[in-house]
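When the chains are written out, they are named A, B, C and D in that same order, and each has its own residue count from 1.
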Amino acid sequence: MLTSANAAHLPRHKDDDNTPAPRVPRDREHDYTPAMAERRRDFLREQTGASLEHVGRFSFDPSVLPGNVENFTGVAQVPIGVAGPLRVTGEHARGDFYVPLATAEGSLVASYNRGMRVLSECGGVKTTVVEDSMQRAPVFIFDDALEAREFGEWIEQHEDEIRAAAEATTRSGKLTYIGQYQVGPLLYLRVNYTTGDAAGQNMTAKATQAACEWMKANYPGGADYRLTGAIDTDKKHSHINMLLTRGKRVVAEAVIKNEVLQRVLAVDTQSVYDYRQVHMLGAFLAGSASNSAHAANGITAIFIATGQDAANIAESQAAITYSRLLENGDYYWSITLTSLIVGTYGGGTALPTQRECLELLGCYGKGKAHKLAEICAGTVLAGEISLTSAVLAGTWVNSHERFGRNRDADQGVVNGHNLQAVR
Amino acid sequence: MLTSANAAHLPRHKDDDNTPAPRVPRDREHDYTPAMAERRRDFLREQTGASLEHVGRFSFDPSVLPGNVENFTGVAQVPIGVAGPLRVTGEHARGDFYVPLATAEGSLVASYNRGMRVLSECGGVKTTVVEDSMQRAPVFIFDDALEAREFGEWIEQHEDEIRAAAEATTRSGKLTYIGQYQVGPLLYLRVNYTTGDAAGQNMTAKATQAACEWMKANYPGGADYRLTGAIDTDKKHSHINMLLTRGKRVVAEAVIKNEVLQRVLAVDTQSVYDYRQVHMLGAFLAGSASNSAHAANGITAIFIATGQDAANIAESQAAITYSRLLENGDYYWSITLTSLIVGTYGGGTALPTQRECLELLGCYGKGKAHKLAEICAGTVLAGEISLTSAVLAGTWVNSHERFGRNRDADQGVVNGHNLQAVR
Amino acid sequence: MLTSANAAHLPRHKDDDNTPAPRVPRDREHDYTPAMAERRRDFLREQTGASLEHVGRFSFDPSVLPGNVENFTGVAQVPIGVAGPLRVTGEHARGDFYVPLATAEGSLVASYNRGMRVLSECGGVKTTVVEDSMQRAPVFIFDDALEAREFGEWIEQHEDEIRAAAEATTRSGKLTYIGQYQVGPLLYLRVNYTTGDAAGQNMTAKATQAACEWMKANYPGGADYRLTGAIDTDKKHSHINMLLTRGKRVVAEAVIKNEVLQRVLAVDTQSVYDYRQVHMLGAFLAGSASNSAHAANGITAIFIATGQDAANIAESQAAITYSRLLENGDYYWSITLTSLIVGTYGGGTALPTQRECLELLGCYGKGKAHKLAEICAGTVLAGEISLTSAVLAGTWVNSHERFGRNRDADQGVVNGHNLQAVR
Amino acid sequence: MLTSANAAHLPRHKDDDNTPAPRVPRDREHDYTPAMAERRRDFLREQTGASLEHVGRFSFDPSVLPGNVENFTGVAQVPIGVAGPLRVTGEHARGDFYVPLATAEGSLVASYNRGMRVLSECGGVKTTVVEDSMQRAPVFIFDDALEAREFGEWIEQHEDEIRAAAEATTRSGKLTYIGQYQVGPLLYLRVNYTTGDAAGQNMTAKATQAACEWMKANYPGGADYRLTGAIDTDKKHSHINMLLTRGKRVVAEAVIKNEVLQRVLAVDTQSVYDYRQVHMLGAFLAGSASNSAHAANGITAIFIATGQDAANIAESQAAITYSRLLENGDYYWSITLTSLIVGTYGGGTALPTQRECLELLGCYGKGKAHKLAEICAGTVLAGEISLTSAVLAGTWVNSHERFGRNRDADQGVVNGHNLQAVR
C-alpha cells in the first residue's frame, strides 16, 4: 500500500484560516470496538494520508481497554527480544529467568544477555527490596509561617485519624508516614504508602485527597490545599526520590569473578574498579540522576514489555552503583534503584501481551510486585556489567556497528553470526 | 488457552543446583524469521508455561528487524489513542495534528486531548527549537592536573583536525564544539554535534571514538582515554543536560485566554498563576528535573508510538515552565524541554507501526526531526494545561476514577459517556 | 614600618632542597600567652619579612583562647558596621535591633540598612523558627543489602537504648530521630538532635559516636561503621540539608507596602513580582542552593561579628524565597533559611568582641539561639529587599561605585554625603 | 565594666508602640573617624547596654575604611593561628608557607597543621590553576522564544563590539566568552571574564552593565534586561559553578606515602581508599556541593585572615576529590576547588591585618591572585588528609574533646601538652 502520508501531509491550518479542524470520531455508547478503531483510522487516513495499516493489526478485543486508553485506534508493535537465562537468588525472585525486553535499540538485548551470562556463571545475582514507598504530596497554604508550623504539629497529633481517612478509600494502600517540609507559609507534605501489587499513583492520590479533605474539615479554621505541591515528584526525577524512595528501593548485587570477566568480557576487575572512580566523578560533576552506565535501558525495555507505565522511567532511572575490589581480585558490584515504580496489578498489566510477559517472569497478579522489582534490578546489573566492559574493551562502538542501525556507516544488514562473538 | 504460567512457574534453579539453565535458541544464519520467533516462544512456553500467544501476533516480517533487536520473539502491543487536533504554529510544524499516544494509563489521552482543545481555541501553540546538540563525552586521564590542562590547550589548537577526524565517520553529523571540564588530572570532554535526522547517540559515539583515536595518535606522548566519562549523560537525567542541552532544546508557548480556560477547564488564570508559585517552589525544594506537571507522560506516549528510544525519557523529561499573567487576565504559558531526544531516521523509526505513526504526523524521513520535536513540545504544553487545571478544579482524582483502572475503588468499567464531560 | 614581605618573600624551599623548613614555635606548658604570640610573630617575621604589626594588636588575654585556636599569633581585625534599627516581631526576637555586620564589602551595611528601614516602616519583620535539627551521619558497612536492611530494622526496635547511649554524653543534646538511607550494603544514618544553645556539631559527634559504639557492642555479630558517611553534610551545602534541615529552619516574612517600596527604593511591587519569576527560574536552571538574591552576605557578616563558625556559611546560605503579590498591590515577601547554623554558647561566642556583639543583640548565653536565628533571618530579608530593588532600579552598579572599592573605575574615596541618598 | 546587656536588653518596640527607634548616628562629612565610631558605640551602649569595649579596640585609622564598610563602629577580633610550614610546588606558589588561619573552632589549626606535615614530608603539594572565570549573568526578556533565539544569534555576530563596550569600563577585566542559556522567551547570559588580581564581582557587574546597555542601544527594536538573572550565581553555590567555574578552578594534588600516613596519622592508604568509596557515595546521595571532608574550613580561615569576602564561602566550598591507590601502596590524592573566589587587590585586602596576612604568604598586590589560589588549595588538601585520617583512626571526637570547646563534656581547659601528640 502506498503510504504517501509524509509527502502529502497537508496541514489543514493556514495562517489566516481559523476553521477548526475536525475532531476525532467517538461513539458515546460503544467506543471500545474494532469498528470504532477502524473508523478512527479511516478518519485519520483521510485527514493525513497515513495508512495506519499495521497500527490496525492487533490481536485482542478492544473491549478490554476501558481504563487504559481513550480514542483507541490501534497498537504500537514494539519488538521483544528475550535475554537470559538470568539466575536470581533474591527474596522474592528465585530461579532462572528469561527476561522479555521490548526495544528497537540494536545490541541492547545482546548486551544484557551477555551480562546475564556473566552473572549466572558467577552464581547469580542477589536482589533485595529494601524500601517500599509510594506517595502523593499535597501542599497546605497559610498566611504565615507560624500557622503552617502549628498545622504541622496538629497533623502529628492526628496522624491516626488522618490515616484512617486515607485508608478508608483503598483496600491495599497503607499510609506509612507523613513527611513535612516547610517553606515560608507553605507546608508541603509527602504522604507515604505501601500499595500492595499496584504501582499505586492513583490509589495514593485518592487516599491523600480523602486525608486532605478530612484535615480541611477538622482543622479549626479550615485549611487550604492543593493535591500536589510537586514534591511527589510524579513522572519526574528528583533528589527527594533518591533520598526517600519512590516506589521500590531495590538492590542487585553480585561478586563477579575476575576469571569470568576476563574470559567472557575481556576485561579485568582492576580496570573496572579504576574506571569506576572516573565514572563516579563524572556523574557527580554532571549532576546526574545516576552513577550507573545505563540503568534506564533495561528498565524501559521491561516496562514496555510488561505493561508498566513507561513514563515512570523519569523516576525509575535513578541508580547508585557501589562496588568493591576484593583482595582475591574478584569484584563486588551492586546497584541500588532508589525509585523503581512497578506493579503487577492495574495499569497496563492485564493487557494481552503485557500479561503474557509478566507470566513469562512468573510475575502476574497477587503478591508479585517485589518479585518483579527484583528481576528489574538483576537485569539492570547485567546491563551495567556488559556496557562497562564494552567501554573498557573498546568494543562498544563496534557492537553498535554490528547490531545497531548506525546507518551512517553505510554498512549492510547485521550479520547474525557475529552475535555469537559477543554473547 | 490456559496460561498457567504464573502459578506453575517452576524456576529450574534450586539453591544447591548449579546446572546451567538452557539458553535461548538461535540460528546463526537465519535468525530473523517467523519460524525462529516461534521456536523461541515454544522454548519459553516449555520453560515457563507462559503462552506468549498474543506476543506472537505481529503483522510484519521479522526480516526488517536486524539492527533493532536480538533474539526476536514477538511484540508488545501497546494501545494507541489519538489526541487532537492540535493546532501548531511552529517553524517546522505548522497545521493541525492528530497525535498518536501509545499508553496504558487511563485518562492520559483524554487529558491531552482537552489541553489540545484549549490550545487550538486560543490560536494554537507556537513551537521553536532553540538549540540542537547531541554528544559523547570521553574522559582523558593524566598523571597530574598540569598535564590535563595542557592537553586541553592542545585540543583548542587542534580543533579543526579533531573535527575532521570525527566527521570523517559520518555523513550527517557535524561537530559543533568541544566542552572541557577538568577535575584533578582528569579532563572530561563533552563533544557536541548536530546529527541531522537521527537522534544520534551511535553516530556521535563513533565519531568521538575516531576523534579520540586521532588525539591519542597525534598528541606528543600519547593520551589515555575512556570513550565515556559519564558526563554525556546518556540515558540519565543530569543538570548538565538541562544547562547545555542534550538532543533538542525546544520551547512551546501560548497565550491562554482566561475565558477559554474558565469555560473549558473551569479554572481562572489568576488561580493558575498563584499555583505556579507554589508548584515551582516544590520542584526547587525537591531537587526535581522539571518544574512541569507531567511532561514525561506525553513524551513517552509519543516516543513509543513513533519508534523513539523510550529509555531517553530519562533525559527528555527535563522541562522548565515559565509563565506570565498578562494585564488583561490572559496567561502566557511556556514550557522548555531542554533535552528532548528525537529522530525521524534510524532507531525504531522505520518499523511498521512506528513509521505509520510518524507518517500520521508528517514526520517520517528526511528533515523532519525538528518538526517532531516541535510536535512533542506542543503536546507537552497541552498536557500541562489540562493536568494543572484538573488539580485546581479538584477533578484530578475523579477523572482517574472514571478513566483509569483505579481498581481499589471497586468500580466497574469506565462509562464512555463521561468522557465527553472531560473533553 | 617597612613591610618588605611581599617583594622579599624568599621561599626556603628550592626544588633540590629537601631540608625541612623550621616549625612554628610552641610552648608545651604555657602556649596561650602574649609572649608566645609575640614569639611566633617574631619567628614569622624572620621567616617571611611580614611585620604582623596590626595582627599583634588585640585587646584580650590569650588565656581565654584554649579550645578556640592553636598556635595563636594575633587577630584579624574585621571592620564592623552597624545596620538598623530593624524591627522584629518574632517569637524569640521582639523589638528594634541594631545589627553588627563584620565585613569589608563596601555598600553592604548601607544596603542592609535601607532594607531594614523598609521593613521597619512596614511594621517590622515576622520571624519563626520552624525546625531545629543538628546531626551527625555515620555509615554502617555490611556484606550485602539484606544485612544492612536487617540492621536498620534492629535500630528501629532499639531506638530508646540508642538514644540513651547518645544522650548520656551530653547535658543539652536530645536525639530526635534517626533517618535511614540505604545504598547497596551500606546503611547511611542521619542521627538528628536538638542541641540547646550550642550549634552542636561537636556535641552530636560525641553523642553519635557513643550511639554507634553501643550499636556495635549490642548488635548480634557486631557492626562496622565510620563516624561520618558524608551525608551530615558538615561544612557543605547539600540537598538533604535543604529538605531535612541542618541547624535552624527559620522563616522571615513581611508584607511590604507598595507605597513604601516606591518611596524608599524607587521600585514598584509588580516589577518585583515579575522579576521574581525570572530570578526563580535562573536559580532552578543553575542548580543553585538558593533562589535568594544574596542571603550569604548578611549571614556571613553577622557570623563573623558574633563568633559563629563562618565555615558554616557553606550550609547556612541555602535559602528559599516565596512571595505573593496581594490584591491591594502590597507584596508578601518571605525567605526560609533551611540550614542556618547558629549558637549562643560554645565556639567563638565567648570571645571578647564576639560576645559584645551578641550582647548588642541581647543574644548572649542561655536560651538565645532561636532569637539569634530569627535576627539573622530578619536581616537576610532586609538585604533581599534592598538588593532586588537595586537591580530593578538600575542603581546596583552605581552604589558599588560609590560605596565599594571598584578600583578599576579610578575614582577617589567614597563621598560620605552620598550615603544619605541610599539610606 | 558591667556588660549587663544580655539581661537588660530592653527592646524599645512594644506591640502597640509605633514610635520609630532612633537611627544610628552619622556625620555627612567626616564619618570615618575614631570619634564617630565612638559616638556610635556610645549610642548603641545607651540603646542596648552592650559595652562594645573590645569592639572599640582597633589599631588603625578609620580613614582607610571608605569603600569597605559603612557606619563603622569597631572591629571583630578573630583569633589567628598559624599552620605550617606547608611545602608547595605549584606554578605560582613555590616554597614553604606559614598559613594564617582566622578561626574560633578549636583543633582546626592543629588539624591542618598535621596535614601539612604529612604533605611536606611527602615532598609537598602540587598546585595548578586550571581555569579562571568570573561572571555576571544578565537575563534578556522577550515576548517569545524565537525573539530570544534571534537575539542570541545577534550576540554571537556582535561579540567583538560587546566585548569592547564591556572592557572600556575596566583596566584589568577581559571578557572571555558569553554563555547563552535559553528558557522560553528568556535568554540568560553568563558573561565571563578574567579579572586580574581582583576577585572581580564589581568589575564584572560594571562591565556587563555597559555591555548590556550597548546591546540595548544597538539591537534593532531594543532589548529589555535585568543585570542579573541569578545564574551568576553570586554568593550562592550552584551546579553551574561546579561545571563552568566561578573564580579560580584550582587543583591540589600529592602522592601520600603509605609509610608517612601510617606513622603520622595512624591510618593506612587502603583504608583511606575504601572509605573514599563510601564517602563519595554519601556525597552523591546527599546532593552535596562537595565530596570532600571539610574544604570550607580551611578556605574560610584563610579568607577571614587575608581580607577575602567570606560570603564567597557559599561558592568556594565546592570541591571534588579524586584519588588513586597506587600499586606500591602509596596514595594519589587530589582535590579540585571549582569555584574559589580570591583576590589580592580590592575588597578587604588592603586593610591592616589582612594585608599583613597576605604579606605573610607573599601574596599582597600585583599578580598574586593565582598564587593565593594555589595556597588555598594546598591548605585544603592538608585538611582533607588530616580529618579523613582522624575519622578512620577514631580520634576525631577525641581531638575535639581535647582542643575544642565541647563544653558539654564538663572538662577543663585543654592541656597544651596533648597538642604535641596530634601534631
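Observations on the model:
One rule holds for everything that comes next: contacts are C-beta pairs under 8 Å (C-beta built on N, C-alpha and C of every residue); 3 or more make two chains touch, one makes a residue touch a chain.
Since the model is a prediction, treat every value here as computed from it, not as a measurement.
Two copies of one chain, subunit A and subunit B, touch each other, and the residues they use overlap strongly: the shared fraction of interface numbers exceeds half. Bringing subunit C onto subunit D by least-squares fit of CA atoms involves turning it by 180°, to the nearest 5.
The pair from C-D, A-D or B-D that reproduces the interface of B-C, where over half of the contact pairs by residue number are the same, turns out to be A-D. In this assembly, the C-alpha centroid of subunit A lies 13 Å from the C-alpha centroid of subunit B. With centres taken as mean Cα positions, subunit D sits 42 Å from subunit A. Note: centroid distance subunit A to subunit C, computed from Cα atoms, is 41 Å.
Across the assembly, subunit B contributes 181, 183, 186, 239-240, 243, 280-281, 283, 285-287, 291, 320, 322 as residues in contact with two or more other chains.
In terms of inter-chain touching, the protein chains here all touch one another pairwise. Subunit D contributes residues 91, 126, 128, 130-131, 144-146, 148-149, 152, 181-186, 239-240, 243, 249, 251, 253, 287, 320, 322, 334-336 to its touches with subunit B in the complex. Against subunit C, in their complex, subunit B makes its touches with residues 239, 242-243, 274, 277, 280-281, 283-287, 291, 320, 322-324.
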